[in-house]
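Two complexes, one shared chain (chain A), two partners (chain B, chain C).
Presenting the complex of A and B:
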């Protein structure tokens, strides 16, 4: 498929949906569901550069901090747990329990300990999205091929190099799957944590608009969130494709053989 | 110099003891090329993993250059049967060959030299930047051999390295092993289940019994040092030697 065709397929349906929304809502008298035209005008008026700096940027910074911290913690602990059978037997049931707790219910609890500042929001994001990263890393590390490990040992690839050169790359497709899941969870938690208690941020602003009956502005915030999530997942996919090119190639080679 | 003395390996499998190796004793002299051949399931791979220091024996001892093996000895390289799993698919051919050298703290210019020389030696010039999965099975095993050669080992262990490649590639790779051995002054222990291969390659063939394994017999291969696939395999002496090995393996299978 040519590049232009691919783009066409990718944006075709969204354009149709937006078009439908625009046409169907154009005569809307409803206060809560204003015409898309009105929402788009509000979008332009609301999300100016100062507003982006005041509300979008803080959200993104908290998201980045929480997500990166979760990635570091998840991968580090995941490698340790994946490599040690006894540690795994000890902590795995507990991990499954924590993973089963819906992260939004932790917001009030974490607020008690960490207050309502940035730290609380970052902790909420870390706590919510560390699990898929951690558990996928454990699985990925456990699945490293025994012949690869023996090869590394026989050739003196031990210590830190064993982890960075053999175990992490071998587990990387699975770690990436965990990171992808974690990204969508992180975005959700970014918004939710701001809806509880905040003085800026996207979630906070959207709730403010709703409470002050600025309905078109509220809708424009939701559209912005959607676009943001879409953009971030696109970025992630690009980075993943680059980092895991070998894996795609390997799989393609295995299919044809 | 490689010495295996009274080597024994017992596996614990579900509360049951399985004796894989009973009592193995043989030596490989410095610079010698010895083939180990035995019926399938006779514990060849177990033996090789014990010699490589990847598996702790239950009894007996392995000594390499006078030192007891209790982990992978420095100066020993291994070529595994499963080339597809032994090469790292996230690294290029060059990086695969270079990684052990980096670990050995070989300086960078010397590393580049070794990588290039070893890839040339196995006939992979120009494939340094390919990934292993872009190459055929035979070429992948050449990469694994290049990695072993670049490591500049004193001892080279090969575990049925050509069991998974086609017959023609296999003949080429056998000749490659012979020529590398003659050039590099390296001790080679070559494990195989292929009787013809063991006679064609080895200066000496050590035959193993069925499991629980002991040394069934040893045979010195008095074929000329210059060997090639056509004349050596057509040599009546080759046929005699292969018959002797074959008879011993048949005896081993019957448990005599």
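Presenting the complex of A and C:
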């Protein structure tokens, strides 16, 4: 019973909203807001398997490449900077500045260096995503419990093991927070870089629809992008919950104590 | 003495960055057409600072940012308080919020262009959408954090619903509101400049696109530096006002 109620609560409002949208727009004569039925038909017609392979897949591959590269670079540099107090004080203002630069303005700069190919898009995503990951890793490494560090030292845990066994696990909740911020930046940059200059990709296709006034198709692209953003954040949450199960448990234990 | 060490090191870091940007193009390590030396970027910055068009663009960006943030913060706080204090509403909207929040706001760019063209309206639409969720989610956390004992006490003292919101809910949620607004402030700046850059609505982003199209590379870098400085100023100002207005709160008092 309570399970059914949960389901009801979860799907109730979305169903009502979609229903309202469907009914209210069904007689719509407006050019910009076509009936939802038309949009859904366009969705089925537009995003067929070949179209997905031609436009969605390249976007996703660039996203994955840029995001993973940013994660590796960010965590590596973050651990190095977080462990050295002098280095941290030296580079902190520079990092704060780079983080404050709105990532999309990097697109024109990186276009100068890397042209308009796949490399440009991947570099843009890396450059935009790396700062939250890097700064959160620095914070996480800095906040490692000193008792843990000294215990590890007393037991002779040094070198690589100290980093992989003590520092990284203890900084991982903070690193995950940085990765989560970076994910939404990555999606934004994927779309923006394709809107700027591309010959395929989701952002490119949606702008193309808009410029040729293919309004239902444009709406269907917006919906697809929305589903993509939702799906990726869901995937991230599942992965995070799995990887940080110990942390959730720890927090729950601390709360009830 | 030791207190000033980090500041000195930080200044050294910034100076080092400038030096690298100065030397890399001069020694031919990087093509000068792609990355002009720091001195030329600074000269372009000075030139921009002397032109009224630059200040007009900066003003446009700040107006779009401030208006969008104000609308998003107002709507986010109001919606958060209402949704957060009615459990049924909260349960009903949870899935919708979770669905709408991760939608990348840039997905709305084509729609904004169709609806508002290249005016302030399309920038505002993107800024409001992106900033709204930041505030709403934080306010929802804040309302959920209310001490049930305090709330029940207020109820048994027959506080009116309004007084309960004003004296119990609001003080608890305020730190969360500030966190939300601080996050929203930087998101709003990013979206304002993105919209100007991609759509071409007036502002710094458009100036960057124009500089890029006319291959005025030093001016483009100068404008990017300005957007970065703007971001830093907004971050610092948000943190400062948070400390000032929440001076009474445990989270701030506890830091001293």
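We take it that the second predicted complex is superposed on the first by the 245 of 257 C-alpha atoms of A that agree within 3 Å, B and C clash if a C-alpha of one lies under 4 Å from a C-alpha of the other, contacts with A are read in each partner's own complex, and residues count from 1 in each chain.
Going forward, a contact is a pair of C-beta atoms (placed from the backbone, for glycine too) under 8 Å apart; a residue touches a chain by one contact, two chains touch by 3 or more.
None of the values given here were measured: they were computed from a predicted structure.
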* **More chain A residues in contact - chain B or chain C** => C
* Asked: Which partner does A:253 reach: the first (chain B), the second (chain C), both, or neither?
  -> first
* Asked: Is A:54 contacted by the first partner chain B, the second partner chain C, both or neither?
  -> neither
* Once the structures are superposed on A, label A:23 by its partner contacts, choosing first (chain B), second (chain C), both or neither. => neither
* Asked: Does chain B (first) or chain C (second) touch A:157, or do both, or does neither?
  -> first
* Between chain B (first) and chain C (second), which, if any, makes contact with A:235: first, second, both or neither? -> neither
* Structure fact -> Counting only contacts in the complex, chain A reaches chain B at residues 145, 147-148, 150-151, 153-158, 161, 165-166, 169-170, 172, 246-247, 249-250, 253-254
* Structure fact -> Listed in rising order, chain C residues that touch chain A in their complex are 5-6, 9-14, 16-17, 33-35, 91-96, 98-99, 102-111, 113-115, 186, 189-190, 193-194, 197-198, 205, 208-209, 212, 217, 220-221, 223-224, 227-232, 234-235
* Using the touch definition up top, name the residues of chain B that touch chain A in the complex. => 49, 52-54, 72, 74, 76-78, 80, 82, 85-91, 99-100, 102-104, 131, 133-134, 147, 151
* Of all residues in chain A, which touch chain C in the complex? -> 9-14, 17, 32, 86, 89-94, 96-109, 111-113, 184, 187-188, 191-192, 195-196, 203, 206-207, 209-210, 215, 218-219, 221-222, 225-226, 229-230, 232-233
